[in-house]
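You will see chain A twice below: alongside chain B first, and alongside chain C after that.
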Partner chain A sequence: MTPETILIGLAGVLAAAAPVMFAVMGETISERAGIINLSMNGTILLSAMGSFAVALATDSLALGFLAGAAIGALVSLIVAFASITLKISQVATGFILALLCRDLSYFLGNPIMGQTGPRLQSAPIPGLSDIPVLGKLFFSQDVMTYASFTIILLAWVYIYKTRPGLMLQGIGERPAAAFVRGASVNRLRYLYTIIGGALIGLAGPIYSLSVKAGWKGTISGLDGIGWIALSITIFGGWNPLRAAFGAYLFAILQWLGLVLQPVLPGIPSNVLQVAPFPLMILTLLLVNIGNAEWVERTLAGMPENTRRAVAKILRAMRATPPASLGVPFESD
Partner chain B sequence: MQVELRHIHKHFGAVHASNDINLTIPAGSIQGILGENGAGKSTLMKALSGFIFADSGEILLDGKPVHIASPADAINHGVGMLHQDPLDFPPMKVIDNFILGRNGGLFPDRRTAAKEFKELAVQFDFSIDPDAYVDMLTVGERQQLEILRLLWLGARALILDEPTTGISLPQKEKLFATLKKLAAQGMTIIFVSHKLEDVEFLCNRVAVLRQGQLVGEMLPPFNVDKLVEMMFGKVVSFGGRYPLTPGASTLHLEHISLEDVRLQIRDVTLDVRAGEVIGLAGMEGSGQATFLQACAGLVRPVAGKLSIKGADVTGQTHHVFKHKGVAYLPAARLEQGLVPGLSLTEHFVLAEETHGIFINRDQAIRLAQDRIKTFNIKGTPVSTVESLSGGNQQRALLALLRTPLSLILLEHPTRGLDIESTMYIWSKLKERCAQDGAAIIFISADLDEVLQYSDRVLVFFTGKVSSPLDAEKVTVEQLGQLIGGKGWEAIHA
Partner chain C sequence: MRNNKWFNLGVQLAAVILALLFVTVILLLVKAPPLAAFQNIMIGSVGSWAKFSDVLISFVPLLLVTSGLLVTFAAGLWNIGIEGQITLGAIFATWMMRTLQDSTLPPALIIILTILAGMFGGAIWAALAGALKTFGGVNEIFGGLGLNFVATALNIWLIFGPWKRPGVASMSGTVPFDVKLWLPMIPDTRLSAWALGIAIVGIIVTYFLLQGTYFGLRLKAVGKNTHAAYLLGIPTWQYMMVSFALCGVFAGLAGAMQVTAVYHRLIPSISSGYGYLGLMVAMLVNYQAAWAAPVALFFAALNIGSIQLPVVLKLDSTLAGVLQGALVLFVLLADGVRQRFVKK
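Coming up: the complex of A and B.
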C-alpha cells in the first residue's frame, strides 16, 4: 500500500462515515431531549428509497435530500406523538416503526430497483484542496461530507455552549426542573425529536444519492446501519464529539476489513467483515469500565493522589444517559 | 413583598386540600406554616408558586391581584419556591444549573455569571465551587445553590417546603442565618415545617393548617402545647424512652472495613442484639449510608467478617441477607422503595411471598384494606403511591415489611413526617423489637430522634466510626460536636 492509496482510503472513510454521522447526531439530539427514536434503522432505509425515487422523478438532488429529511421528520413525528402525547412505550413504538419502515421501503421501492439516477459529485474547495494531505482528506469531498463535519461542531456547540442547548440537556435530565425554569417540556421534546428525525432522515439520501448510489432493495446493504448508529450514540455518551469519534472508528474498522483482506490471506474474509462489530462492543465496554463495582473498589485502595487522578479520567470517560430518557413528563 | 391569599380553595377528587384559606404575610417577615401530614401545606404552597391552580380564590402581591400561570411565571412575579428535594440537574455543573432558566442571549456568559454567583455566595457565607458537579454536593449545598439562583432571578418572596429534613445541623444553622438576613432585607419568607423547635426559633408568625383549613395564627411568644393542639386537634402526649431487654446476637461485625470512591471505613467491630436499636449519626456522606448498605449485603466489605444470627454471610448477596430476615428501607422512598404508578394493593401483593403466578384480586384487596387500617394510611387500596402525602408513603413502606424479621435497616425513617406520625412509626417499629425480637439500625439527621429512640449510637465523621455510645449518657450538644469532628479524643479514652 502506498501512502497515496492510504490517503485516498482515509478520505473515503470520512465520506463513508457521513451518513452514519447524520444519523448519530440526530439520535443524540433526540435522546438528549429524553426521547429514544428507535425507528432509525427503518427510517434510513425508507428515506434512502424515498429520496432516490424523488430525485429520479424530478432529476433534482436537492429535492431528493429534502425528501429524505421530510421522511425522517415524519417518522419521528409519529414517535413523538406516540411517546409524548399518547405516552406509549417509546421502545415498542420505535421498534414497530423500524420494522414497518424497512418492509415499506422494500415493497414501495420495487419499481425503482436497480435504476440509475442522479448522484452527488465531489466538490473540491478551490485553494484549500491543494494543501498537501489535508486537502485530499478534508477539502476534496462532496457537500454532504462537508456538512457532516459541520454538523458535529454545530451539535456540540449547541448542546454545551448555548442557552437553549443547556435547556435541551435539562429536559432530558430532569424535566420537572426544566419546567420550573420555564421550559415547555413537551413542546421542546416534539421539536427536538423532529429535528433529530430530519437529521436521521438525511442519512438515507447520503447513501442512495452518494455513498452507495441507487436503490437495490434488500441487497442495498443498508439494513443494520441504524442499529449501529444507535450503539454509536450510546458509545458516544450523548456527546457529539465522542459520538463522532465512534462513527469514524467504525468506518475505519470497516475499511481496514476491506484493505487487510489481500494482506492477510490466512484469515477468512467473513471474519474481517464482521470484526468491526465485536470491536465496537469491546470499545463500548472499555469506555464504560468506570461504572463497574470492582473498578471502584480497586480505585479505593490506591494512594490518594493517584486515586483522584484516575477517578477524574474515569469520570470524564463515563457516559451516563440522560436521566429521564424514555420517561414521559406530566406537569402536575 | 407582601403576599396575600384570599379564599383559596383546592379539591383533589373528594379531598378538600385547601378550604377557604385567607392569609396575609407582610414583607420582611418569616411566616411559619405548620400542620400534620396531609394537612394541605404543600398544596397551598404549590398554588402560590404556580405548580397547581386553585379552584377559586385570589393571590395578591403587594396589594395587586396576580395570575400565576406556571412556576416560571411565579418567579417573574418574584415568588420563588425551594423544594424539599432540590429541583436541579445533578450531572451538570453548578454554574450551568445557576444559568439555566435565566433569559438572555444565545451564548450565556459563564464568566460573568460565575462572578455574580460568587458575589452572592459570599454574602451568605456559602462556599460552593461554580465548576463543581451538582451530584458531588450535599443536599444542604444544593439548597444553597437554589436559594442563590432564586435570588439572582429576583425573588422577593421565598417559599421553603420542609427545608431542614435532609440537611446537617451546621447547614441548618447556616440556612437559618441566611433566612434571617434575607428577611431583614425585606424578603418575605414562608417556611413550611413539622419541626416545632425550628419554627419557634426562626419564625415571627405562624399559621396552622388542619384538614385543608386554616385553624389559627399565632405571634411570638409561641405556646408550643397550644400549637400542637391546633395541629392535631387534640393534645398529643410525647412518648418516653422504651426500655431495652436485649436478646441473642443478631448481627455481628468483626473488623469490618468498607471502601467507596469517596471514603474508607476501617475496622469496625459491633454486636447488635435482638430487640436493640442502633442509631447512626453523622453529616450526610460521612459513611453511615455505606455502613447500612453493608449490613444489608448491598456493599461488600473489603475486609472482616459479617454474620447474622451466627451464620457467616460475608460477601453474600442482598438476596441471601433478605432470606436471613434482613429488611432495608432506603431514604429515597419513591426511587428505591415504592414503585410510582402501582397502587397500594399491588405493592402489598408484590411484597408477599407468593405461591403460584396468578393474583387473587379479592384476597389482595382485603389484605390491602387490612394493612391500610393497621398502619393508619390515608388512602385507599387503589390509590397510587405517588398520590399519597409524604407521611403516608412512609407508612405504606413500613406496612410492606414482612414478618418475622430479624434485622430492620432504615434510612431516615421519619424524614418529613409530623410528630404524631413519627411517634406512630416508632411505636410500630418498637413493637417489632419487643414482639419478634427484631434489631433495628437506622440513620437520621435528627439528633433528637437518634437519642430518643436508640439504645446505642454510632457516630460517623468522614469515615471514622465511634465506638458504640450509650444513648442515655450522650447529650444532643455532645453529639452535635462529634458529627462536626470535635471531641473525639474524649470518647476514645
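Coming up: the complex of A and C.
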C-alpha cells in the first residue's frame, strides 16, 4: 500500500462516516431530551429509499435530501406522540417502527430497485483543497461530508455552550426542575425528538444519493446501520465529540476490514464486516462497568493506591445516561 | 365492568381496521389491487393442506421464541438478542450432529442429543447477554444487538470455513444430514409432528410457569419493580439470569428444530427473523401467554401467504412484515389513546 492509497482510503472513511454521523447526532439530541428513538434502523432505510425515489422522479438532489429529512421527522413524530402524549413504552414503539419502516422501504422500493439516479458530486474547496495531505483528506469531499464535520461542532456548542442547550440538558436530566424554571418540557421534547429525527432521516439520502448511490433493496447493505449508530450514541456518552470519535473509529475499522481482506483470504468478507461489533460490546462494557454496584464494592476492598488508579480509569471511560431518559414527564 | 370490556374490544377492533386501511393505502401507492393482495395471502396460507402445513412449519419456531420472550418480558427484560440465541442453538445442534452422525449410536438418541445441544447453545448466548446486563451494566438491548451480529458472523464463518461443503462453499449451507437423522415428517408434507408437539408443550409449560408457580409470581415482581422485589428478599439478579437462560433454551430449541426438522443442515439465515417477529407477537398479545399461540399462528400464516405475492402480483413479499408491523403499532397506539383519553 502506498501513502497515496492510504490517503484516498482515509478520505473515503470520512465520507463513509458522514451518514452515521448525522444519525448519531440526531439520536444524541433526542436522547438528551429524554426520548430514545429506537426506530433508527428502519428510519434510515425508509428515508434512503424515499429520498432516492423523490430524487429519481424530480431529478433534484435537494428535494431528495429534503424528503429524507421529512421522512425522519415524520417517523420521530410517531415516537414522540406515543411516548410523550400517550406515555407508551418508547422501546416498544421504536422497535415496532424499526421493523415496520424497514419492511415498508423494501415493499415500496421494489419498483425502483436497481435504477440509476442522480448522485451527489464532490465539491473540492478552491485553495484549501490544494494543501498537501489535508486538502485531499478534508477539503475534497462532497457537501454533506463537510456538513457532517460542522454538525459535530454545532451540536457540541449548542448542547454545552448556549442557554437553550442547557435547557435541553435540563429536560433530559431533571425535567421537574426545568419545568419550575419555566420550560414547557413536553413541547421541547417534541421539538428535539423531531429535530433529531430529521437529522437521522438525512442519513438515508447521504447513503442513497451519495455514499452507496441507488436503491438495491435487501442487498443495499444498509440494514443494521441504525443499530450500529445506536450503539455509537451510547459509546459517545451523549457527548457529540465523543460520539464523533466513535463514528470515525467504526468507519476506520470497517475500512480496515476491507483492506485486510486480501491479506486474510481464509475469512469471508461478511465476518470482517462485523469485526467492529465485539469491539463495540467491549467498549459498551468498559463505558458502563463503572456504573455497576459490584465494581464499587470491589474497589472499596482494594489498597488505596490501586483503588485510586482504577477508579480514575473507570471514571474517564464512564458514561451516565441522562437521568430521565425514557421516563415520561407529568407536570403535576 | 361488562361495558368496559366491550369498549376495549371495540377499540382493538378499530385498531385492526385502521391497520388494514393503512396497508390498503400502501398497496394503492404501488398501484396494486388491495383485495387481490389480501385474497392471495389467504389462499397462499390456508388454501390447501400443503400450504397450511407450511404455515405450521413456520409456526413452530415462532411459537417457541414467543414462549421464551414471555419469560424475559415477565422479568421486565427486552431480549433483543433472541435472534443470536436462535442462531447459536442451530450452530450447537449442527455441531453435535456432525460429531455423532458417523457414530454407531441409534438415530433417535443422536437427534435427542442434538436438540439438547441446541438448547444449551441458546442458553449460553442468552446468559452472555444476561451477564453483560447484570455484571457489566450493559443494557440488554445493546448487548443483545451486538451479540446478534457476532452470532451471524460466526454462523457464516462456519458455513464458509470449517464446515464448508467439499468442493465449493456456498450460501446454500452445509452438507445435508442423512435422512435417518431428520425428525420424522407427516407423509406428503415437510411438517414434523414432533416439532409441532414440542412447540405446543413449550407454550403450555410457559403458561403454567408464569401463571401458576411461585417462581412465576416472583419473576413478575422483579419485572414490575426490581428495587421493591429486592427489598422483599427476592434475589433479583439471579432471577434475571434464570429468565435469560430460560428464554435462551427456548430460542436454542427453535434453532435446533430448524436444523433437525426443516433444513436438515445449517444455512446462513437460519434464524429467519423469527426472533424479532416473536417480539412483535409478544407485544400484540400484551405479554399474556394465553393468546400467544393463535396470534403466532396468524403471523405465520401471513408470512407463508405472502410468499407467492412476487410471482402472482409482482409485489414484494415484505408485505407480510408491513401488515404485521402495522397491526402491532396500531393496537399499541389505540391502547395508549384509550388509557390516556378515556376516563374510567
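Criterion: the second predicted complex is superposed on the first by the 295 of 332 C-alpha atoms of A that agree within 3 Å, B and C clash if a C-alpha of one lies under 4 Å from a C-alpha of the other, contacts with A are read in each partner's own complex, and residues count from 1 in each chain.
Quick note on the criterion: a contact is a pair of C-beta atoms (placed from the backbone, for glycine too) under 8 Å apart; a residue touches a chain by one contact, two chains touch by 3 or more.
Not measured: the values here are computed from a predicted model.
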### Message
According to the stated criteria, A:Thr85 is in contact with first (chain B), second (chain C), both, or neither; which is it?
### Response
second
### Task
Answer with first, second, both or neither: which of chain B and chain C does A:Leu104 touch in the superposed model?
second
### Message
Tell me the contact category for A:Ala213 with respect to chain B and chain C: first, second, both or neither.
### Response
neither
#### Entry: Contacts of A:Arg163 with chain B and chain C, given as first, second, both or neither
first
#### Entry: chain B or chain C, by number of chain A residues touched
C
### Message
By the touch definition at the top of the document, which applies to A:Ile96: first (chain B), second (chain C), both, or neither?
### Response
second
### Touching partner for A:Ile281 - first (chain B), second (chain C), both, neither
second
#### Entry: Residue ranges of chain C in contact with chain A within the complex
26, 29-30, 78, 80, 132, 135-139, 141-143, 145-147, 149-150, 152-153, 156-157, 160-161, 276, 279-280, 283, 315-316, 318-322, 324-326, 328-329, 332-333, 335-337, 339-340
### Message
Show me the residue ranges of chain A that touch chain B in the complex, using the header's touch definition.
### Response
161-164, 166-167, 169-170, 173-174, 176-183, 296-297, 299-301, 311, 320, 323, 332
### Task
Would you pull the chain B residues touching chain A in the complex into a rising list?
46, 51-52, 70-72, 81, 87-92, 96, 99-101, 103-108, 259-261, 264, 300, 302
## Note on the structure
In the complex, chain A touches chain C at residues 38, 78, 82, 85-88, 91-93, 95-97, 99-100, 102-104, 106-108, 110-111, 217, 224, 227, 230-231, 234, 266-268, 270-271, 273-275, 277-278, 280-281, 284-285, 288-292, 294
